[in-house]
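Both complexes below contain chain A, partnered by chain B and then by chain C.
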Partner chain A sequence: MPLLIGLILLVVTWTVIRAVFPGRPLVALVPVALAGAALLVLFYPALATVEFWAGLIGFVAILSALLVVIHPNPMMSVLFLILNLFCVALFYLMLQAEFLAALQIIVYAGAIMVLFLFVVMLLNLKAEEGLRIGTGPQRWGAFGLGLLFSGLMFWAIQNRGRLAYFAPESAGGGFGTAREVAGLLFTRHVFAFEAVSILLVAAMVGAVVLAKRKLG
Partner chain B sequence: MMRVEFFLLIAALVFSIGAVGVLIRRNAIVILMCIELMLNAVNLTFIAFAHERQEMVGHVFVFFVMAVAAAEAAVGLAIVIAIFRRRRSADVEDASLMRW
Partner chain C sequence: MDPVLTRLLIESAVKIGLLFGLVMTTVAYMSLVERRVSAWIQDRMGPNRVGPWGLLQPVADGIKFLFKEDIRPPHAHRTLYLLAPMLVFVPALVTTSIIPFGPPVRLFGYDIRLQIADVDNGILVVLAFASMGVYGIALAGWASRNKYSMMGGIRSSSQLISYELALGLSIVGVLMGAGSLRLDDIVRHQMAHGWNVLWQLPGFIIFMTASFAETNRLPFDLPEAETELVAGYHTEYSGLRFSMFYMAEYANMFTACCVAATLFFGGYHVPGLDRLGLPSGLAATVQVAAFAIKVAFFLFVFVWVRWTIPRFRYDQLMNLGWKVLLPLALLHLFWVGFIVMRGWI
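Moving on, here comes the complex of A and B:
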């Protein structure tokens, strides 16, 4: 845990030094890299714990999500979103969802993000001047609502023991494998599966019609 | 092993960041990306609970959410392209015809 907190503090220090001395990247990089190496040597047993890696991935996930929102250049937003999707895929692996981790990388980080990247490059969007993020009341209202909403979810997580709750059953052998997912998908949820295929066809036709220059 | 609350907290934070992003950004493509962020946070919550309760139904749900997200991204980006062609801008303030 001290290793993780130290590394997070180092990233914060690096950002601050970069902001204070713009145009001189070495001033920030050298001391932060030395301190990081010293931390790794001092606390190297922590590298073998699950908690350290989970914390690190969580930190990267939250940082990249923040950068998606605050980066003025849409191109960089797409790249940080891909980083976030990879972090979530690693969490899926930790939670024994191997099949969905693979799907996450192939479908999300592969197909959907390529679509986003393609549109950003096609429209040739420049970075927004001064990051136009709403005006006056809208901006503060948005931050207030965000804080309220995350507070509400923290409260729900804290108090979820009071909700109806079942103890987990014993783990089956192939939990999270493609076989188990497919077994449910093609038996109990086969109607939803077919409905989703119709939805995808409709979305595909709709996208083509919407993006077409002239109908007929 | 990690407690499930850790994953729930990460998902809640990412969801909140995405929600704030939808509210404060004015670029339509970035807003769509923030929606993807929120969908992902929900997926993580599904997987965390599926692991805690050792039930596979959560995984099936995530599968459907991914399919809907793909459809939503395709249609949303097509709309952005159509608006951009008309107004030369991907700013949501410029597409205010249906605003009350």
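Moving on, here comes the complex of A and C:
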């Protein structure tokens, strides 16, 4: 009965707001959608479980990843990639790796994707230029590799219980917190960490030299 | 349903509602304060006709924005054009959710924190969502399909990415002192060891300068630069969508001021308050008021600077960001590291 009353109230609110602001569907949609979501969570507790959200976010992640490749407009591709990175960050959050989630958003969604956006805007690509389907051997090669990769994924999911690497315990306590990540970076992996930073500096210097030579 | 979850949901919903109201009121009245203060600085009267001292001016503005015709340029990219104002507005609101506005209080028999989410990586969340705001601006510029808008959008993306580095590095000093990323821990550390601004003044100055750039405020408002670019990224917007950009700017300013007060000016800490022995309810009220005063002061500084310093040229902006602020921030880190190593803090 309370559910019915709630639904009736929702419909009434929707109609009233639509009547007051006829030209603005969003003004009505946002509060009604929020109230509707609250109703759903209150009456269907299954919606508040991690499994449900993992499934939903996984669906969005796969859909956005597909759209990155298929969408003809490069600008939209960039945006879908950002959406995808957000989904990955949410997965980190669900695994309680909050530090990794924050870094994912700051570094990938925040910094690197801004550069992507910047480049796409500068090049001013037309919509059709974004999508070029490979021909001949390239297409068949891509198809074969994709098939191989999906087989590998399928095998990994099938055997996830048997491999020690996939066990949640292998990550250890405090996995993905700032303390843990910093500890690993500056003790066990310090050589690799420093090597990567030197590599990045070298790449940066190389890029600057190449750009300057072109300028003359 | 699980009572803990129900309580959490209701508590969060109430807090979100209150904070949303607070931010929107601040934003509305900042638009009035900005005009009154600018008038005062330029020896004019400013808007003083709607209500006493013009206090109802924001209401009049809101109604005007709501009922304006929503003009959509036919050549614009429809989806992104409609999406962009929201992409600017939402991150600006999200960031305020982790600011601690006061100490934990006991209300109706519950211990309630005066912040929506007490996140372990609080300051990283601020940085993460601060960097999201650029998408809305860049996309607004791109989707308008107008060369002035486009210039504004490109400027905004390069400006924000340049100043984000200095902003992040200026915060690192605070983190080194407190040894935690949680905003509440940072406030507690300052309660015990004095405000960060006392020994991290360069960090504070770098933070404020970078904040001006991140919020697109004068002297760094090159993305809209009305003398060169008509109105930059929001040239093609009108009515409610235009007002969303406007509100996002003030909401970002509010967040930047809250973060500055929390990181460098002790948050809700009032020196010597615990020695007075006030009842806890009164003490909490005083602390929240102190936080509000600190934030109000920084908001005034934002307005003050806007009407004092003229706009930078674009190359000057980039030089300041990369050649002055970034090396300064790195040097500052050495200083903070030295003090922390010696155990003085």
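Basically, the second predicted complex is superposed on the first by the 132 of 216 C-alpha atoms of A that agree within 3 Å, B and C clash if a C-alpha of one lies under 4 Å from a C-alpha of the other, contacts with A are read in each partner's own complex, and residues count from 1 in each chain.
Convention: a contact is a pair of C-beta atoms (placed from the backbone, for glycine too) under 8 Å apart; a residue touches a chain by one contact, two chains touch by 3 or more.
None of these values were measured; they are calculated from a predicted model.
Peer 1: Spot which of chain B and chain C makes contact with more residues of chain A, would you?
Peer 2: In the superposed model, B touches more residues of chain A.
Peer 1: Return first, second, both or neither, reflecting whether A:A211 touches chain B, chain C, both chains, or no partner chain.
Peer 2: In the superposed model, A:A211 contacts chain B only, not chain C.
Peer 1: Who does A:L103 touch here: chain B (first), chain C (second), both, or neither?
Peer 2: A:L103 contacts both chain B and chain C.
Peer 1: Taking the superposition on A as described, I'd like to know which of chain B and chain C A:I82 touches: first, second, both or neither.
Peer 2: Second partner only, chain C.
Peer 1: Between chain B and chain C, whom does A:A111 touch in the aligned arrangement: first, second, both, or neither?
Peer 2: In the superposition, A:A111 contacts both chain B and chain C.
Peer 1: Where does A:L122 make contact in the superposed view: on chain B (first), on chain C (second), on both, or on neither?
Peer 2: Both: A:L122 reaches chain B and chain C.
Peer 1: Which of the two partners, first being chain B and second being chain C, lies in contact with A:V50: first, second, both, or neither?
Peer 2: The first partner, chain B, only.
Peer 1: Across the two complexes, what residues of chain A are contacted by chain B and by chain C?
Peer 2: Touching chain B and chain C on chain A: residues 99, 103, 111, 115, 122.
Peer 1: What part of chain B is in contact with chain A in the complex they form?
Peer 2: Of all residues in chain B, those touching chain A are 1-2, 5-10, 12-21, 23-27, 29-30, 32-34, 36-37, 40, 43-44, 47-48, 50-57, 59-60, 62-64, 66-75, 77-82, 84-85, 90-91.
Peer 1: Going by the contact rule set out above, which residues of chain C touch chain A in the complex?
Peer 2: 1-2, 5, 9, 13, 66, 70, 77, 80, 119-121, 124-125, 127-129, 131-132, 134-135, 138-139, 141-142, 150, 153-154, 157-158, 160-161, 164, 181, 240
Peer 1: Which part of chain A faces chain B closely enough to touch in the complex?
Peer 2: 50-51, 54, 58, 61-62, 65-66, 68-69, 74, 77-78, 81, 84-85, 88, 91-92, 94-97, 99-100, 103-104, 107-108, 111-112, 115-116, 119-120, 122-123, 125, 128, 132-134, 138-139, 141-143, 145-147, 149-150, 153-154, 157, 166, 168-172, 175-176, 180-181, 183-185, 189, 192, 196, 199-200, 202-204, 206-208, 210-211, 213
Peer 1: Under the definition above, what is the set of chain A residues touching chain C in their complex?
Peer 2: My answer: residues 21, 23-24, 38, 41-42, 45, 48, 75-76, 79, 82, 98-99, 102-103, 105-106, 109-111, 114-115, 117-118, 121-122, 177-178.
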